[in-house]
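Starting off with a structure, shown below.
Order as written gives the chain letters A, B, C, D and E; numbering starts at 1 within each chain.
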Amino acid sequence: MDLIAEGIAKALALLTSFDPEVLGITLLSLKVSGTATLLSLLVGITSGTLLALAEFPGKRLLMSLVNTGMGLPPVVVGLFVTIFLWRNGPLGFLGILYTPTAMILAQGIIATPIVTGITLASVQNLPANLKLQILALGATRPQLVWILIKEARLPLLAGVMAGFGGVISEVGASIMVGGNIKGYSRVLTTATVMETSRGNFDVAIALSLILLLLCFVINYLLTRIQQRERPR
Amino acid sequence: GSSAARAETRDLILATTTSTQDSGLLDELIPLFEKSSGYFVKTIAVGSGQAMAMGTKGEADVLLVHSPAAEEKFMAADSGVHRQLVMHNDFVIVGPPNDPAGIRGETSATAAFKKIAGAGALFLSRGDNSGTHAKEKGVWKATGLTPDGQSWYQQTGLGMGQTLNVAAEKKGYTLADRGTYLALQKTLGLEILVEGDPLLLNVYHVIEVNPGKWPKVNTPGARAFAAFMVAAPTQEIIRSFGVAKFGSPLFFPDAGKPEPSGK
Amino acid sequence: MTTAPLLEARNLSVVRGGAEVLSIPDFTVAGNEVLSLIGPNGAGKSTLLLALARLLPLSAGEIRCRGESVMANRHLVPYRRRLAMVFQEPLLFDATVYDNVASGLKIRGLGRDELRRRVGEALELLQMTHLAERSARKLSGGEAQRTSLARAFAIRPELIFLDEPFSALDPPTRRTLTDDLERVLKATGTAAILATHDQMDALRLSDRMAVMHRGKILQSGPPVEVFNRPGTELVASLVGMENVLAGTVLDSREGLLTLALGEHRIAVPGRGAPGETVRFCIRPEHITLTSFDPAGGTSARNVLPATITAIAPMGIYQKLQIDCGFPLIVFLTQQSLGELHLAPQRTTFASFKATAVHLLRSGPDCHSTPKDD
Amino acid sequence: MTTAPLLEARNLSVVRGGAEVLSIPDFTVAGNEVLSLIGPNGAGKSTLLLALARLLPLSAGEIRCRGESVMANRHLVPYRRRLAMVFQEPLLFDATVYDNVASGLKIRGLGRDELRRRVGEALELLQMTHLAERSARKLSGGEAQRTSLARAFAIRPELIFLDEPFSALDPPTRRTLTDDLERVLKATGTAAILATHDQMDALRLSDRMAVMHRGKILQSGPPVEVFNRPGTELVASLVGMENVLAGTVLDSREGLLTLALGEHRIAVPGRGAPGETVRFCIRPEHITLTSFDPAGGTSARNVLPATITAIAPMGIYQKLQIDCGFPLIVFLTQQSLGELHLAPQRTTFASFKATAVHLLRSGPDCHSTPKDD
Amino acid sequence: MDLIAEGIAKALALLTSFDPEVLGITLLSLKVSGTATLLSLLVGITSGTLLALAEFPGKRLLMSLVNTGMGLPPVVVGLFVTIFLWRNGPLGFLGILYTPTAMILAQGIIATPIVTGITLASVQNLPANLKLQILALGATRPQLVWILIKEARLPLLAGVMAGFGGVISEVGASIMVGGNIKGYSRVLTTATVMETSRGNFDVAIALSLILLLLCFVINYLLTRIQQRERPR
């Protein structure tokens, strides 16, 4: 229990002292997960909406695949990405294994299905005729997609948060493809794991708290947007 | 609650290092102990640092660890009792076959480290306060160099296996325990470049957590496990473990022998 | 007709929820023609509109616009941009009224100023300017429907589909709006298809009327025709009873039109240009029969000698068909029938007040009427 | 009145979107009274219904049901279970029509059989039995509205709120439904508040009528009163022009009622029991004035000597107020006025056909009318 | 690359041979994550709906907290749960550390905010008047909640899948509070991690594939339900 107290104290210390290492780690977490989330939004929201609109055999199967993807185990993603990026793996020539780039890649792979799945559900949940109304207004396919996205923005933002939360908090993939290299590919979660295995529970807790704080701030901003847009 | 207490005494929490679990040794030994003693062993494989910390907090009953310096501090703070020598294997310095720092064949670890530093060749440190990390720091100490902060000196903060992978990928040197190295050898493409220096001995001790400090500790269980580890039949198994798979043993039993003065 | 019609559909068939809910062999709308669809709930009015706007998958059939097929996917957007549609529900976007009205224009990529102007006008037309910044979710039922109408009008389409667009409006708004709609359509030469349950609207606004039932068009033609010569009992029961007449303006003075109807002169309140053809209707229950000519002694401006052609009981009324050079239907009570000794072939005087006449949309009525079913 | 009224509201005030959209000092509904609300879009009809059903937070005011306050949270559910509400939009659940109609009963935990019976009846009443298993998302506009009506009727409430419940129905359904509604309400003694844009519905169904505008009730009272003595210009413009009259049945034969109206006898198509009071209306444009008594010589059953009390131009018409023991409004054209040399104080004969009379809801009309504004 | 081939081969071997250990691990994964998800549904769906309905100051703050919770890092949860369950920790008397129960607890904590957040968004997205209509039908608060949930079932099922996927695939918490004890608290993810660090990549891949297969089957069933219920 006192450990947690110590942790909080430690966290405050680290934050107030602007410990450069912690700062670097935090920023890297933000950069990696932020980029990954943005990528996943581009891919996920569009493909989710398209999937919701399209009618084709095997749609249900594809949807299950997407939903399965929502629970893509970070370790598994990490494992496969590693194997592909190995020097003598199929993508070895990229030479990006154990770099932040690789982490962005892995996290993007984790976040995309989450965003896609939630988009899919939200768009499907809009009134059936709304789609017709938009088409009746002469919308092209991209316009249709865009307007539907705007109409579903409320649950979509939840999707964004889920996606971002999912990746900034995952550790399995980051450790495997990033290597947790000090000052280079070490992010908050991997650092937490390491400090734990070092037995420095207080530091671990401190880092966790910083991570949570970070998530909270970002979510608070997103929620503000979401709720400002609330129709009622 | 005596009933609760009794219920609890069947469980024994063993905090140990990943190397013993990853090598598979414990998968051989634990079932035997459980059958013979009737205890249920909860093996928590973590970094030595965490294992030791669990001991200090009385969250483990018995430790099987390999970082002598930390262990002595641990005993000094009388967090533990009955520290017994169980076995050793050794550390090896591995690196890319082309050996940019040219340390191949060196017999002295310190000399090898000096060369690596001299050549500024990439060296990967576990940096996780594990036994291996402790040993590595010891060697650096002996060389009188301080690699921290050097561009060629990178800390992974990962387990042995992971660190070996990174080293292989980045074509760097690292210090590894033989067991893990042998286990991963096939996929790594790293070679043993320096071995045999007594400084590189990797000694495992079993320590019972001090019940005086932490009443909830399962002392009989801890004692029984310690006894089991140093018992002759167990030592036999340790000797032969891994021979079948890797051609050479992974651990050398040391029960009853004097403390090695390696360091 | 010489040029290809604005809209043309052949062998239209739509299956919804497993059942064929629309089956129309042949359907045409001429440029700047106003066609109204009437029929019971579930008849297929909305479905037909959706199908014509290519918003529903057709299980069979082809639709052509100005002679060119609009079946291929690449034709859809260009085709739809020539139309506007007002759905039965408002289906507003979760945005301000202004943005809703602007949406169609935004989609067409209209310039800012032009857009602002048009939206302004549309809001004006629907008396919603004061609500421009209101969130569409915070409107009353009628306000929402107006917004949806404004959204469609702002587009200025060649062809507009209206699905019961006035159902939630209060009577004054409704009246002014039908007037405006009539004016706008005429002025801009916009064609329109109007699905409605209000026969007066249908009569007022449309050049042609199609009666739907169970996914089929039972009859279609000029309202006069449909009302006075319902092809079947079913149609008759669906269109109700009206005397719909067309006449030519001889003279317009002090808000009173004098019309030539056959060899008769008829006074009708309203304005019009001499020579133009106007349509009006008078309900059978408002025509009085007298055994003598009340002439000057009555405020009923229209007195016509007539012969009774048929008498049939209808509910609590007696339904008489009389001939004054043109057919008229008159409802009387059993009692009046007896007292006046009325019987087939008897002659009588039919009189009705000018004020009892509903003047309908003026404009050519007897254009070619394509067979639709 | 002796017992506490069914519903009673004091100083009602509702603020929506920052503006006060409802402000009603005093409002009462008696048991088995049918009250209709009319007024332009945005007048506050729906808001009032929501407020009375305690579905909107009140910024001020109190509501009592049978004398007991229903303001406390613990009263809400019991209170709401005494009512049913038909919203302006159907608001159906994403389930079958059957389940939708059953929902209110399920919520009340009705037994399976009773539930099935009642749902069956409600579907029957709305002629939707064939759609019972249809998903509510796959209904036409009118079918959806009927489902929502069935859902409310199945509940058999003490008090029913109807928000433009017929706007999407086809005329025949609408007609039969208003008849049925009238019958059901009367038979079950259910009270109702009906918000509508259709004055005929309002006249037919309601014992009392409240005219709303800008969140206020401008006038409320028996339709006869509201229509013939509109308190203000505004009300007059909102209710339109009707001669609404009440008479006592003397005799009912062959679908023709003879009514006593003051010292006059009037013939009206319809049925009724001698002695009962009935209400009917006749539009000013359907009354004919003659300078002589056409008596037997005309099919206009009702001829009344009258004195002209006032003449005023109204749009394209001339609006005459005449007195035949009771006030009547008549529209004539300028021309008729001239030819008949009509002027105030002149006597004349007003005649109108029995068939031109709309018989309204029969039943007591002159019950005590609580002051409402 | 051939590794992946080997992995697939291995997976087939393990599956066809019904390797008792793998079977046990798989079942435990299912049991732990299944139970955790169920618990999170009970808590999350109700609280999410209530939160969506309630109006109170600080609602937005609470919502951000929930959304933050959607990204609760498993390691962090693991760390805190461990500290609380330690013998000498506040909940030590329970003596459930390093048991499947502890894993269920930790995973429940991870899944609940996800379910809550998605419920919140879905319910808020229903037409405003629907709530009034339900109340007008005389619904009590619980009935209101229940009906709204039914109406929002489509995105809710996505929430369920996200929650389940999130926990069955997380490793950080399971390994910390479960201890990855062979035959007792070892689940698919923890086993994968261990095999990876043992260098048995083929086994690791095999386990990952089994995990994915498992997720897929479950999601396929859920998607079938979801789509059977599709209004259109």
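Basically, a residue touches a chain if its C-beta (ideal position, glycine included) is under 8 Å from a C-beta of that chain, and two chains touch if they have at least 3 such contacts.
Treat the numbers as computed from the prediction; the structure is a model and nothing was measured.
Traced through touching neighbours, the fewest hops from chain A to chain D number 2. Shared contact partners of chain A and chain C: not a single chain qualifies.
Farthest chain from chain C, judged by C-alpha centroids: B. Interface of chain C with chain D: the two copies contact each other largely through the same residue positions, with over half of all numbers used appearing on both sides. Note: the chain lying farthest from chain D is B, by mean C-alpha position. Averaging C-alpha coordinates per chain places the centre of chain D 56 Å away from that of chain E. Once the centre of each chain is set as its mean CA position, chain B and chain C turn out to be 91 Å apart. Averaging Cα coordinates per chain places chain A and chain B 36 Å apart. Listed for chain D are residues 89, 135, 137-138, each touching two or more other chains. Multi-chain contact residues of chain E (touching two or more other chains) are listed as 3, 128, 196, 201, 231-232.
For chain B, residues that reach two or more other chains under the stated contact definition are 159, 162. By the contact rule set out at the top, the touching chain pairs are A-B, A-C, A-E, B-E, C-D, D-E. Note for the complex: chain C touches chain D at residues 16-17, 39-43, 46-47, 88-89, 134-135, 138, 140-143, 146, 163-164, 167-174, 197, 199, 237-238, 240, 254-256, 267, 269-270, 284-286, 288-292, 294, 296-301, 315-317, 331-337, 339-340, 351, 353-356. Chain contact summary for the complex, chain D toward chain E: residues 50, 53, 55, 76-77, 80-81, 83-85, 87, 89, 91, 93-95, 103-104, 107-108, 135, 137-138, 151, 155, 161. Residues 1, 3-4, 60-61, 63-65, 67-68, 70-76, 79-80, 83-84, 89-90, 114, 117-118, 120-122, 124-125, 128, 152, 154-155, 157-158, 161-162, 164-166, 168-172, 176, 188-189, 192-193, 196, 201, 204-205, 208, 211-212, 215-216, 219-220, 222-224, 226-227, 230-232 of chain E touch chain A in their complex. Per the touch definition, chain E reaches chain D in the complex via residues 127, 129-130, 132-133, 135-140, 143, 147, 150-151, 229, 231-232. Chain B contributes residues 4, 7-8, 13, 18, 21-22, 24, 27, 30, 40, 42-45, 57-59, 159-162, 183-184, 186-187, 214, 216 to its touches with chain E in the complex.
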